[in-house]
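So that you can tell them apart, the chains are marked A, B, C, D, E and F in the order they are listed, and the count of residues begins at 1 in each.
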Amino acid sequence: MPFINVKMAGPEPTKEQKQKLVEEMTDTMVRVLGKNRERVQIYIETYDASSIGSGGKTLEEIRKEQK
Amino acid sequence: MPFINVKMAGPEPTKEQKQKLVEEMTDTMVRVLGKNRERVQIYIETYDASSIGSGGKTLEEIRKEQK
Amino acid sequence: MPFINVKMAGPEPTKEQKQKLVEEMTDTMVRVLGKNRERVQIYIETYDASSIGSGGKTLEEIRKEQK
Amino acid sequence: MPFINVKMAGPEPTKEQKQKLVEEMTDTMVRVLGKNRERVQIYIETYDASSIGSGGKTLEEIRKEQK
Amino acid sequence: MPFINVKMAGPEPTKEQKQKLVEEMTDTMVRVLGKNRERVQIYIETYDASSIGSGGKTLEEIRKEQK
Amino acid sequence: MPFINVKMAGPEPTKEQKQKLVEEMTDTMVRVLGKNRERVQIYIETYDASSIGSGGKTLEEIRKEQK
(Lines give C-alpha, C1' and ligand atoms only; values in the text may rest on other atoms or scores of the structure.)
Protein backbone atom coordinates (compact mmCIF):
# COMPACT_ATOMS: atom_id res chain seq x y z
CA MET A 1 0.00 0.00 0.00
CA PRO A 2 2.91 2.47 0.08
CA PHE A 3 2.14 5.72 -1.70
CA ILE A 4 4.84 8.15 -2.89
CA ASN A 5 4.09 11.62 -4.26
CA VAL A 6 6.97 13.44 -5.96
CA LYS A 7 6.52 17.17 -6.68
CA MET A 8 9.20 19.11 -8.58
CA ALA A 9 9.85 22.12 -10.78
CA GLY A 10 9.74 21.74 -14.52
CA PRO A 11 10.86 21.06 -17.13
CA GLU A 12 8.84 17.81 -17.21
CA PRO A 13 11.17 14.80 -16.86
CA THR A 14 11.45 12.51 -19.92
CA LYS A 15 9.50 9.23 -19.95
CA GLU A 16 12.75 7.35 -19.43
CA GLN A 17 13.61 9.48 -16.39
CA LYS A 18 10.16 8.86 -14.88
CA GLN A 19 10.54 5.11 -15.50
CA LYS A 20 13.96 5.14 -13.81
CA LEU A 21 12.61 7.17 -10.87
CA VAL A 22 9.67 4.74 -10.40
CA GLU A 23 11.99 1.73 -10.65
CA GLU A 24 14.55 3.06 -8.14
CA MET A 25 12.09 4.40 -5.56
CA THR A 26 10.15 1.14 -5.67
CA ASP A 27 13.41 -0.78 -5.16
CA THR A 28 14.21 1.39 -2.15
CA MET A 29 10.80 0.67 -0.55
CA VAL A 30 11.29 -3.08 -1.12
CA ARG A 31 14.95 -3.30 -0.03
CA VAL A 32 14.95 -0.82 2.86
CA LEU A 33 11.43 -1.35 4.25
CA GLY A 34 10.50 -4.82 2.95
CA LYS A 35 7.37 -3.50 1.24
CA ASN A 36 5.46 -5.50 -1.41
CA ARG A 37 6.72 -4.33 -4.85
CA GLU A 38 3.31 -4.84 -6.46
CA ARG A 39 1.66 -2.47 -4.00
CA VAL A 40 3.98 0.54 -4.29
CA GLN A 41 2.22 3.47 -6.02
CA ILE A 42 4.06 6.62 -7.19
CA TYR A 43 2.59 9.87 -8.53
CA ILE A 44 4.96 12.37 -10.17
CA GLU A 45 3.97 16.04 -10.56
CA THR A 46 5.83 18.87 -12.33
CA TYR A 47 5.15 22.53 -11.58
CA ASP A 48 5.82 25.77 -13.40
CA ALA A 49 8.68 27.77 -11.79
CA SER A 50 6.21 30.59 -11.06
CA SER A 51 4.11 28.21 -8.91
CA ILE A 52 6.90 27.15 -6.54
CA GLY A 53 8.21 29.26 -3.67
CA SER A 54 11.48 28.89 -1.78
CA GLY A 55 12.94 31.29 0.78
CA GLY A 56 10.14 33.81 0.17
CA LYS A 57 10.56 34.06 -3.61
CA THR A 58 9.17 32.11 -6.53
CA LEU A 59 11.60 29.81 -8.32
CA GLU A 60 11.06 31.95 -11.42
CA GLU A 61 12.28 35.05 -9.56
CA ILE A 62 15.26 33.08 -8.19
CA ARG A 63 16.20 31.76 -11.66
CA LYS A 64 16.01 35.32 -13.13
CA GLU A 65 18.31 36.65 -10.40
CA GLN A 66 20.82 33.86 -11.08
CA LYS A 67 21.14 34.85 -14.77
CA MET B 1 -14.01 20.71 7.10
CA PRO B 2 -13.46 17.28 5.53
CA PHE B 3 -11.06 17.37 2.60
CA ILE B 4 -10.83 14.61 -0.02
CA ASN B 5 -8.12 14.47 -2.69
CA VAL B 6 -8.67 11.97 -5.52
CA LYS B 7 -5.68 11.22 -7.80
CA MET B 8 -6.09 8.92 -10.82
CA ALA B 9 -4.71 8.05 -14.24
CA GLY B 10 -6.21 9.69 -17.29
CA PRO B 11 -8.17 9.95 -19.44
CA GLU B 12 -9.82 12.90 -17.64
CA PRO B 13 -13.28 11.91 -16.35
CA THR B 14 -16.26 13.64 -17.98
CA LYS B 15 -17.95 16.54 -16.14
CA GLU B 16 -20.90 14.30 -15.37
CA GLN B 17 -18.60 11.64 -13.89
CA LYS B 18 -16.89 14.24 -11.68
CA GLN B 19 -20.29 15.56 -10.54
CA LYS B 20 -21.40 12.01 -9.67
CA LEU B 21 -18.12 11.31 -7.84
CA VAL B 22 -18.46 14.54 -5.79
CA GLU B 23 -22.12 13.77 -5.01
CA GLU B 24 -21.49 10.17 -3.91
CA MET B 25 -18.33 10.82 -1.87
CA THR B 26 -20.01 13.74 -0.09
CA ASP B 27 -23.01 11.49 0.68
CA THR B 28 -20.65 8.88 2.13
CA MET B 29 -19.01 11.46 4.43
CA VAL B 30 -22.46 12.66 5.62
CA ARG B 31 -24.09 9.22 6.05
CA VAL B 32 -21.13 7.21 7.39
CA LEU B 33 -19.37 9.88 9.46
CA GLY B 34 -22.11 12.47 10.09
CA LYS B 35 -20.07 15.27 8.55
CA ASN B 36 -21.59 18.63 7.50
CA ARG B 37 -22.43 18.40 3.76
CA GLU B 38 -21.69 22.08 3.18
CA ARG B 39 -18.16 21.69 4.51
CA VAL B 40 -16.99 18.70 2.45
CA GLN B 41 -14.34 19.75 -0.12
CA ILE B 42 -13.10 17.45 -2.92
CA TYR B 43 -10.21 17.97 -5.33
CA ILE B 44 -9.92 15.62 -8.34
CA GLU B 45 -6.62 15.24 -10.20
CA THR B 46 -5.86 13.26 -13.37
CA TYR B 47 -2.33 12.20 -14.30
CA ASP B 48 -0.66 11.07 -17.50
CA ALA B 49 0.08 7.32 -17.52
CA SER B 50 3.80 8.10 -17.78
CA SER B 51 3.63 9.97 -14.43
CA ILE B 52 2.20 7.12 -12.38
CA GLY B 53 4.19 4.14 -11.09
CA SER B 54 2.91 0.80 -9.83
CA GLY B 55 4.94 -2.29 -8.99
CA GLY B 56 8.16 -0.62 -10.20
CA LYS B 57 6.90 0.32 -13.69
CA THR B 58 5.05 3.33 -15.04
CA LEU B 59 1.41 2.79 -15.95
CA GLU B 60 2.36 3.61 -19.55
CA GLU B 61 4.87 0.70 -19.59
CA ILE B 62 2.27 -1.60 -18.01
CA ARG B 63 -0.40 -0.63 -20.58
CA LYS B 64 2.06 -1.25 -23.46
CA GLU B 65 2.89 -4.71 -22.12
CA GLN B 66 -0.80 -5.53 -21.85
CA LYS B 67 -1.43 -4.81 -25.59
CA MET C 1 -3.92 3.10 -9.41
CA PRO C 2 -6.49 5.54 -8.00
CA PHE C 3 -5.39 7.18 -4.76
CA ILE C 4 -7.80 8.85 -2.33
CA ASN C 5 -6.67 10.88 0.69
CA VAL C 6 -9.38 11.79 3.23
CA LYS C 7 -8.49 14.42 5.85
CA MET C 8 -10.97 15.31 8.61
CA ALA C 9 -11.33 16.68 12.11
CA GLY C 10 -11.40 14.29 15.03
CA PRO C 11 -12.71 12.45 16.86
CA GLU C 12 -11.11 9.46 15.09
CA PRO C 13 -13.80 7.44 13.22
CA THR C 14 -14.47 3.93 14.51
CA LYS C 15 -12.95 0.97 12.67
CA GLU C 16 -16.37 0.09 11.32
CA GLN C 17 -16.86 3.63 10.00
CA LYS C 18 -13.45 3.53 8.25
CA GLN C 19 -14.31 0.13 6.73
CA LYS C 20 -17.64 1.51 5.46
CA LEU C 21 -15.93 4.64 4.09
CA VAL C 22 -13.31 2.52 2.24
CA GLU C 23 -16.01 0.20 0.89
CA GLU C 24 -18.29 2.98 -0.38
CA MET C 25 -15.59 5.19 -1.88
CA THR C 26 -14.05 2.20 -3.66
CA ASP C 27 -17.51 1.30 -5.02
CA THR C 28 -17.92 4.86 -6.30
CA MET C 29 -14.58 4.71 -8.16
CA VAL C 30 -15.54 1.35 -9.73
CA ARG C 31 -19.16 2.23 -10.64
CA VAL C 32 -18.75 5.87 -11.67
CA LEU C 33 -15.28 5.76 -13.28
CA GLY C 34 -14.82 2.07 -14.13
CA LYS C 35 -11.63 1.82 -12.08
CA ASN C 36 -10.07 -1.51 -11.05
CA ARG C 37 -11.30 -2.30 -7.51
CA GLU C 38 -8.05 -4.02 -6.53
CA ARG C 39 -6.03 -0.92 -7.38
CA VAL C 40 -7.96 1.69 -5.37
CA GLN C 41 -5.91 2.94 -2.39
CA ILE C 42 -7.37 5.13 0.39
CA TYR C 43 -5.57 6.89 3.23
CA ILE C 44 -7.66 8.34 6.07
CA GLU C 45 -6.24 11.03 8.37
CA THR C 46 -7.79 12.63 11.47
CA TYR C 47 -6.65 16.00 12.83
CA ASP C 48 -6.99 17.76 16.15
CA ALA C 49 -9.50 20.64 15.99
CA SER C 50 -6.67 23.07 16.84
CA SER C 51 -4.82 22.03 13.67
CA ILE C 52 -7.62 22.81 11.22
CA GLY C 53 -8.55 26.29 10.04
CA SER C 54 -11.76 27.43 8.37
CA GLY C 55 -12.83 31.01 7.60
CA GLY C 56 -9.76 32.39 9.39
CA LYS C 57 -10.28 30.58 12.70
CA THR C 58 -9.26 27.18 14.01
CA LEU C 59 -12.02 24.59 14.33
CA GLU C 60 -11.32 24.59 18.07
CA GLU C 61 -12.08 28.33 18.26
CA ILE C 62 -15.23 27.83 16.17
CA ARG C 63 -16.47 24.96 18.38
CA LYS C 64 -15.88 27.06 21.54
CA GLU C 65 -17.91 29.95 20.09
CA GLN C 66 -20.74 27.57 19.22
CA LYS C 67 -21.09 26.39 22.84
CA MET D 1 11.90 22.29 6.12
CA PRO D 2 8.35 23.67 6.22
CA PHE D 3 6.26 22.66 3.23
CA ILE D 4 3.07 24.48 2.19
CA ASN D 5 0.74 23.22 -0.54
CA VAL D 6 -1.95 25.66 -1.74
CA LYS D 7 -4.77 24.24 -3.90
CA MET D 8 -7.43 26.55 -5.38
CA ALA D 9 -9.94 26.97 -8.19
CA GLY D 10 -8.90 28.76 -11.33
CA PRO D 11 -8.43 31.14 -12.96
CA GLU D 12 -4.64 30.77 -12.50
CA PRO D 13 -3.31 33.60 -10.30
CA THR D 14 -0.98 36.10 -12.02
CA LYS D 15 2.80 35.77 -11.49
CA GLU D 16 2.70 38.83 -9.25
CA GLN D 17 -0.08 37.32 -7.13
CA LYS D 18 1.89 34.08 -6.72
CA GLN D 19 5.02 36.06 -5.75
CA LYS D 20 3.00 38.01 -3.17
CA LEU D 21 1.43 34.80 -1.82
CA VAL D 22 4.87 33.14 -1.48
CA GLU D 23 6.31 36.23 0.19
CA GLU D 24 3.49 36.64 2.72
CA MET D 25 3.12 32.94 3.64
CA THR D 26 6.88 32.66 4.12
CA ASP D 27 6.81 35.76 6.35
CA THR D 28 4.03 34.17 8.42
CA MET D 29 6.06 30.98 8.94
CA VAL D 30 9.11 33.03 10.00
CA ARG D 31 7.29 35.55 12.26
CA VAL D 32 4.68 33.27 13.84
CA LEU D 33 6.63 30.00 14.09
CA GLY D 34 10.26 31.14 13.93
CA LYS D 35 10.99 28.94 10.93
CA ASN D 36 14.10 29.38 8.73
CA ARG D 37 13.08 31.53 5.73
CA GLU D 38 15.49 29.75 3.38
CA ARG D 39 13.86 26.40 4.09
CA VAL D 40 10.20 27.28 3.50
CA GLN D 41 8.89 25.57 0.32
CA ILE D 42 5.50 26.43 -1.24
CA TYR D 43 3.70 24.65 -4.10
CA ILE D 44 0.69 26.39 -5.66
CA GLU D 45 -1.88 24.41 -7.69
CA THR D 46 -4.90 25.68 -9.66
CA TYR D 47 -7.83 23.41 -10.58
CA ASP D 48 -10.61 23.59 -13.12
CA ALA D 49 -14.00 24.38 -11.52
CA SER D 50 -15.31 21.00 -12.74
CA SER D 51 -12.62 19.22 -10.68
CA ILE D 52 -13.50 20.74 -7.33
CA GLY D 53 -16.45 19.68 -5.17
CA SER D 54 -18.07 21.57 -2.31
CA GLY D 55 -21.29 20.66 -0.49
CA GLY D 56 -21.94 17.75 -2.88
CA LYS D 57 -21.71 19.75 -6.13
CA THR D 58 -18.84 20.72 -8.38
CA LEU D 59 -17.78 24.36 -8.29
CA GLU D 60 -18.80 24.56 -11.94
CA GLU D 61 -22.37 23.52 -11.08
CA ILE D 62 -22.41 26.02 -8.19
CA ARG D 63 -21.15 28.88 -10.41
CA LYS D 64 -23.82 28.08 -13.05
CA GLU D 65 -26.58 28.17 -10.40
CA GLN D 66 -25.32 31.52 -9.15
CA LYS D 67 -25.68 33.13 -12.62
CA MET E 1 -12.71 26.37 -1.82
CA PRO E 2 -9.01 27.12 -1.29
CA PHE E 3 -7.17 24.40 0.57
CA ILE E 4 -3.82 24.90 2.33
CA ASN E 5 -1.76 22.08 3.81
CA VAL E 6 1.16 23.09 6.06
CA LYS E 7 3.69 20.39 6.96
CA MET E 8 6.55 21.15 9.37
CA ALA E 9 8.99 19.63 11.85
CA GLY E 10 8.06 19.52 15.49
CA PRO E 11 7.82 20.64 18.19
CA GLU E 12 4.05 21.06 17.75
CA PRO E 13 3.15 24.78 17.53
CA THR E 14 1.09 26.18 20.40
CA LYS E 15 -2.66 26.67 19.92
CA GLU E 16 -2.11 30.43 19.76
CA GLN E 17 0.54 30.00 17.03
CA LYS E 18 -1.81 27.79 14.99
CA GLN E 19 -4.62 30.35 15.38
CA LYS E 20 -2.29 33.13 14.21
CA LEU E 21 -1.07 31.03 11.26
CA VAL E 22 -4.68 30.27 10.20
CA GLU E 23 -5.67 33.94 10.56
CA GLU E 24 -2.71 35.30 8.56
CA MET E 25 -2.76 32.72 5.77
CA THR E 26 -6.51 33.19 5.34
CA ASP E 27 -5.97 36.98 5.18
CA THR E 28 -3.34 36.47 2.48
CA MET E 29 -5.74 34.37 0.37
CA VAL E 30 -8.46 37.01 0.73
CA ARG E 31 -6.28 40.10 0.16
CA VAL E 32 -3.90 38.78 -2.51
CA LEU E 33 -6.23 36.48 -4.44
CA GLY E 34 -9.71 37.77 -3.55
CA LYS E 35 -10.81 34.37 -2.22
CA ASN E 36 -13.91 33.92 -0.03
CA ARG E 37 -12.77 33.95 3.62
CA GLU E 38 -15.45 31.47 4.71
CA ARG E 39 -14.22 28.90 2.17
CA VAL E 40 -10.50 28.84 3.03
CA GLN E 41 -9.52 25.52 4.70
CA ILE E 42 -6.13 24.93 6.35
CA TYR E 43 -4.66 21.68 7.68
CA ILE E 44 -1.52 21.87 9.84
CA GLU E 45 0.70 18.81 10.34
CA THR E 46 3.76 18.40 12.55
CA TYR E 47 6.35 15.65 11.98
CA ASP E 48 9.04 14.06 14.11
CA ALA E 49 12.56 15.16 13.07
CA SER E 50 13.38 11.54 12.19
CA SER E 51 10.57 11.54 9.59
CA ILE E 52 11.78 14.53 7.59
CA GLY E 53 14.65 14.48 5.10
CA SER E 54 16.59 17.39 3.67
CA GLY E 55 19.74 17.22 1.54
CA GLY E 56 19.94 13.45 1.93
CA LYS E 57 19.84 13.34 5.73
CA THR E 58 17.03 13.25 8.26
CA LEU E 59 16.42 16.45 10.21
CA GLU E 60 17.32 14.48 13.35
CA GLU E 61 20.76 13.67 11.92
CA ILE E 62 21.23 17.30 10.87
CA ARG E 63 20.26 18.61 14.34
CA LYS E 64 22.70 16.16 16.01
CA GLU E 65 25.53 17.35 13.76
CA GLN E 66 24.75 20.98 14.59
CA LYS E 67 25.17 20.39 18.36
CA MET F 1 12.83 22.37 -4.47
CA PRO F 2 11.80 18.73 -5.02
CA PHE F 3 9.31 17.49 -2.46
CA ILE F 4 8.64 13.81 -1.76
CA ASN F 5 5.84 12.55 0.48
CA VAL F 6 5.96 8.87 1.45
CA LYS F 7 2.82 7.37 3.05
CA MET F 8 2.83 3.77 4.29
CA ALA F 9 1.22 1.35 6.72
CA GLY F 10 2.79 0.82 10.13
CA PRO F 11 4.68 -0.36 11.97
CA GLU F 12 6.75 2.84 12.04
CA PRO F 13 10.11 2.29 10.27
CA THR F 14 13.21 2.45 12.48
CA LYS F 15 15.31 5.64 12.48
CA GLU F 16 17.99 3.85 10.50
CA GLN F 17 15.44 2.75 7.87
CA LYS F 18 14.14 6.32 7.53
CA GLN F 19 17.72 7.62 7.18
CA LYS F 20 18.42 5.02 4.47
CA LEU F 21 15.15 5.87 2.69
CA VAL F 22 15.97 9.62 2.73
CA GLU F 23 19.52 8.96 1.52
CA GLU F 24 18.50 6.66 -1.36
CA MET F 25 15.53 8.71 -2.58
CA THR F 26 17.62 11.88 -2.54
CA ASP F 27 20.36 10.07 -4.53
CA THR F 28 17.74 9.01 -7.08
CA MET F 29 16.53 12.61 -7.52
CA VAL F 30 20.13 13.81 -7.98
CA ARG F 31 21.34 11.01 -10.28
CA VAL F 32 18.21 10.47 -12.40
CA LEU F 33 16.87 14.03 -12.59
CA GLY F 34 19.93 16.17 -11.83
CA LYS F 35 18.20 17.89 -8.90
CA ASN F 36 20.10 19.88 -6.26
CA ARG F 37 20.76 17.55 -3.29
CA GLU F 38 20.46 20.36 -0.73
CA ARG F 39 16.95 21.21 -1.93
CA VAL F 40 15.35 17.76 -1.81
CA GLN F 41 12.74 17.55 1.00
CA ILE F 42 11.13 14.27 2.12
CA TYR F 43 8.23 13.74 4.51
CA ILE F 44 7.55 10.19 5.76
CA GLU F 45 4.14 9.26 7.23
CA THR F 46 3.04 5.98 8.83
CA TYR F 47 -0.64 5.03 9.14
CA ASP F 48 -2.55 2.56 11.26
CA ALA F 49 -3.75 -0.47 9.23
CA SER F 50 -7.36 0.51 10.00
CA SER F 51 -6.83 3.85 8.25
CA ILE F 52 -5.68 2.46 4.91
CA GLY F 53 -7.97 0.96 2.28
CA SER F 54 -7.07 -1.28 -0.65
CA GLY F 55 -9.45 -3.11 -2.97
CA GLY F 56 -12.47 -2.00 -0.92
CA LYS F 57 -11.25 -3.28 2.45
CA THR F 58 -9.08 -1.79 5.17
CA LEU F 59 -5.58 -3.20 5.50
CA GLU F 60 -6.57 -4.38 8.98
CA GLU F 61 -9.41 -6.49 7.52
CA ILE F 62 -7.05 -7.84 4.84
CA ARG F 63 -4.38 -8.78 7.42
CA LYS F 64 -7.01 -10.56 9.58
CA GLU F 65 -8.20 -12.59 6.56
CA GLN F 66 -4.62 -13.57 5.77
CA LYS F 67 -4.08 -15.11 9.24
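Methods note: a residue touches a chain if its C-beta (ideal position, glycine included) is under 8 Å from a C-beta of that chain, and two chains touch if they have at least 3 such contacts.
Treat the numbers as computed from the prediction; the structure is a model and nothing was measured.
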**Q.** Chains touching both chain A and chain B, listed by label
**A.** C, D
Q | Identity of the chain that, by mean CA position, is farthest from chain F | A | D
Q.
So using the touch definition from the top, which pair is joined by more C-beta contacts, B-E or A-D?
A. A-D
Q) Since chain E and chain F are copies that touch, is their contact same (over half of the numbers shared) or different (under half)? A) different
(Q) On C-alpha atoms alone, could you tell me the rotation angle mapping chain C onto chain E? Nearest 5 degrees is fine. (A) 120
Q.
Which option, A-B, B-E or A-F, should count as the same interface as C-F once over half of the contact pairs match?
A. A-B
Q. Can you give the whole-Å distance between the Cα centres of chain D and chain E?
A. 13
**Q.** Length of the line joining the C-alpha centres of chain B and chain D, rounded to whole Å
**A.** 20
Q) Tell me, which residues of chain B touch at least two other chains? A) 1, 3-4, 7, 21, 25, 39, 41, 43, 52, 54
Q.
Applying that definition of touch, give me each pair of chains that meets it.
A. A-B, A-C, A-D, A-F, B-C, B-D, B-E, C-E, C-F, D-E, D-F, E-F
Q: Over in the complex, which chain B residues touch chain D? Could you list them?
A: 4, 15, 18-19, 21-23, 25-27, 37-45
Q. Can you name the residues of chain C that touch chain B in the complex?
A. 1-9, 13, 17, 20-21, 24-25, 28-29, 32-33, 35, 39, 52, 54, 59
Q) What does chain D use to touch chain B in their complex? A) 7, 47, 50-58, 60-61
Q. What part of chain D is in contact with chain F in the complex they form?
A. 1, 3, 41, 43
